[in-house]
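Sharing a structure here in structure tokens format.
Going by the order they are written in, the chains are A, B, C and D; count residues from 1 in each one.
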């Protein structure tokens, strides 16, 4: 662990801290006050809550713990902006976040400013330990995760408004296309899986361990809108044999017939983007599909999804980073996984059931917040993230 | 019907129109932009929606129908701010109103200003007929209903926020107490029920008809918080025999143990008012109870609720107007009730099942918006209105 | 009250008792053991439960209360076969009745025999008081109500079995047709409503009182299948304006497009009867519709349903007794209604909210169990009873 | 594949067939007709359905496919007793199985006899191919799975009946205790996982493949009731930090405070067994717990559950076969898993999401129906199977 006593080091940390904090505010710039309030579905959160909760994290886990004379900004905020940390006392029921109009957006930004100043002083001051530094860096990564959620939650709100608002005037999201074609093949053998190195990683990436992997080949390109349209036109959503039993129930019960945000308007497939409603581009990479849809598409293609270990081993051989890629791996602990004591231990471990792993990163992922060992995870029916499909098949190594 | 061609008449109508419209804005003055957005429960609406919908009513049912060259303010508003008028095309699902952040509050107030100007011109112009005048007046009464809902919906949002916001600085709602004691007795016989006279009434008050009423006596005072506390302390919420079967299920399932907005904090009963959290005043008149609770309390008291006809006949003999009073009458049509053609016919008739009638008015009712034949109605479990209890008993006339 | 000391009187009561008890068993004769078990929906009950509960009533409210040395048949039956009498201790959750396989059907019939013998002895013995006699007669009427429910609950089970079982071999339910046509007209004035006379009635019929009724005319015939088909073919299920708001939600959510038990098979409307699947007979009287459907049909016809008081006043002028007829009256207490003390007080009063009154009787009603003051009641969406529609309209008396 | 033309071979198969079929009937011997009907919860099935469905399997997948002139026993049975095979046409909704009283139990046993005779003839006849033999053996294993479900479903029905029926007179289930103590340690390295050999296995066990396993030690004994009582008494059900997030929600929502079938009666922990209600034996092996509870108990113990590969590798070193043991592995395909074409392909593959793997076998498993590569699977909240806990920990090989 590097020495923290030098001014150069702390300057660097202050800079990193402010860079992440400023980026959150940059994302919020185009928002109207109204946009900060709603929670469109129970698994999303209002932007105001993201703004406040990412500050709360630094106050609760850093300032209150390490600064002997720190006074909290507001005594109720600890309760209002806790997310799921049971160890830190009660929290407001997740599904009620969208009715909390006060504190106002302005007050929440004052809270933010207060935290920014306090943390900067703290970094430069005498109480900033190695342990504090680790939590600071965890907090910055935590905030980056919320930056992506802020965008996808906002897209959910805008994408379900009948007037389809535009995120910012002139905003035109690049429609990502594949840069590569063809397949890469991986050789059978023992591989090391999990994070190694000096940088930051989450606890769920630790426990670097050996896995035996059988040979397979993997597509360098992600599935496109056009390919998924072929699946739809071939009746993919109507063929029970392509789906998991629970996926099929989901399709039936929710009457799913296309990816999220797609609308057939006067015979033309359109989709909502943060730049407004647009014609579906067949060459662009598919997004906003659930694990169930990813699996069914793979079945229909006569191929399969990767496991997360396969993905990690092969990831040097293809471009990634525009879509979170569904794997066929359930989110489970690595051998030797140890969750930390207290609230920080609740970060990852307690979600290790009933969720599927995504690998890669997306167009919504914050700069610098990705690496090949990163494990993201969502329930198999969720599709409001920028999710995509990469196909693989069993193959002898050539 | 009075002549509308005189300037004096139209001046009077313009004045009445602006008085009601201005009162809505007066109620909104203390709000922050944030407060306009949430829909805390599916049966409530966001303030922004109330602001827009009351304008929509004038645009849709008056300006579009009577002004030959009227251009609508925004083509999507007809859809966005329709409430339940099936005859006027699709409408946004009632439970999704709280996620519509755009148009902004400012835009909705521009819409309001536009409607205000257009309606004023329309009243003074050549297309303003007797029929239009009737709809104008209906629209003003409609807006007054939404003024009360705006307050009670807002109270629901604030009353469920853990920091219990205050409606406006220094706001201190008068705690209403009874001005009278004792009982009035009504003599058996035939009475005329329903509206008569020249003023405005809703279609559900029409069809003035005869009812035979048996003698009874009625309390001049409404039930107080202190009396209801006695019921609570006597285990009223735990005694199945006092409740309707469905009331008992509701109490069990929702774990109801006190009126809405009451909280026992450190051994002291407190309640949320728009002026903040306060100690329960035992002498103040009880509010925020469901029909189920009103009925159970009456059972416990050995008395009963009035029917709506009894209430109408007796209402000259007691003070009313601070609490909507639950009656034991289901909301049903009067003999000869005819609903009007088209959208206006949807105003009242289609709700005549599974709801109970309230009579009187409340502290939240707008000035001038009450009369003794007025029929309000809610489901028996609802209690976010300013509802109260008046007791009666069968008695020979003295 | 008649003297009970004569042998003639008690003989007559024993005979009446056994007649009702035997009729229940007669209804059960065609059943297989399997048929006694399921509870197809939470508002229905298994035949075994009806068999046991009607015996339980006599044991719990008669034998245990009036016979000093009575020993209950089985200590758990008091709990197992209580229906909704909160005053008599816990009861099994209503929705779980269909999983109680033990005691067996045979054991429940042994219980029945034991109760039959005990009650007969009790009637002839020294403890049989006037009060006991009243409860005995209430118990017989209670059992007759369950006889009709047994049939309609059984029809629900059979009518949802894909092989559509027949109630008994050769069973061919008479398809009731109207014997009369035309309208009867009732004159405006004060009428007495409610039961009078010496025979049995329920507490909800008591409190004979005056009602002022306005003139109206009423159809002597009930609505037929053919007439309802015209409503269906005219898009009655698709026209929001014909329905209550909650009726419309029900139609949408449950995708209701025809009466219960109707199936369109190869272009032909069929319906399930206890005699099997049959072609819909257009001349037969309509059955198995909800209050919502009855109301919408009346709207479509340009007519209306009767109130229950109107029905009672007019009932001498038409044939009734094959279909329970939906009225537009909510089930509410008559003036002066007093519920009795203890468990018997739970019989009727606690259901007086959110239900609509039916008048008349049906093909499933037990012999002797009907009179013109009888008030039946169900929730507005229920339609598994033999319900029908009689139309009325406002009219000057001719 | 062995020659099927010899009489010896077919005699052996007929014998194996009748042995399995007879065992199902042996399990049903103590049942009353009533017991065959209810479906107590949507994930369980009525005994009558198990009896019929296991016959249906042979009729649908064997007799109809391989016997050119086979006539089905009853044309509706194909629909009534299909379970989840979408490829074979419609099926009755799973949650409605408990309302199908007809065909009667007797008719279903006639169906069974008919199938028994037809299959025996078929085995001895000229159309019996190698492919048919494979399906016959699959059908026998399928029936053995339903034998265990029949017992556990029946236990659910009896265990929720307030009179706690006994499965058969004098039935006294052996309370299984641990035969061994201590830990076994497994050495790090590459292991082969999955089935190999000549006997039967399911498709989900195939694809024998290499896995790299890190060293660990595993308890030879399963967790006992006494050990679980310590967890309960230490507040295990009240400590959020021990649970998965979804497990914690389940505990809160369902108010779980003990294993299924446990009741605290007058201060004493009792549990329902098929032999009736008994005092909890602290030395007996724990059963009827969910994966969530198994995981929380392991957390509380400072240990962990095994993965399914670890279990398979270590299973030769401990006794197993009395409790299905929850692993911390999600039910996913092995590398190279290929589901078969058509209906048989629906047997396993489509359930490979959101379920957890159990390994071993239980007291309810049919004779001969277990092996160390067997993969059973249930949702993490299910606990009506005979489930148990085996603890492991990371440890260097000694």
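Here are a few things to note about the model shown:
Keep in mind that, in the parts below, contacts are C-beta pairs under 8 Å (C-beta built on N, C-alpha and C of every residue); 3 or more make two chains touch, one makes a residue touch a chain.
Predicted model only: the values in this text are computed from it and were never measured.
Shared contacts of chain B and chain C, meaning chains that touch the two of them, come down to nothing at all.
Farthest chain from chain D (centres taken as the mean of C-alpha atoms): B. Centre-to-centre separation of chain C and chain D, using mean CA positions: 45 Å. Here the CA centre of chain B is 58 Å from the CA centre of chain D. Among all residues of chain A, none touch two or more other chains. Contacts between chains close into a ring here, every chain touching precisely two others. Pairs of chains that satisfy the touch definition comprise A-B, A-D, B-C, C-D. Residues of chain B touching chain C in their complex: 84, 86-87, 190, 209-212, 214, 240-241, 243-248, 291-292, 295, 328-330, 332-333, 335-336, 345-346, 350-354, 356, 380, 394. By the touch criterion stated above, chain B contacts chain A in their complex at residues 32-38, 40, 48, 76, 79-80, 92, 96, 98-105, 157-158, 160-163, 165.
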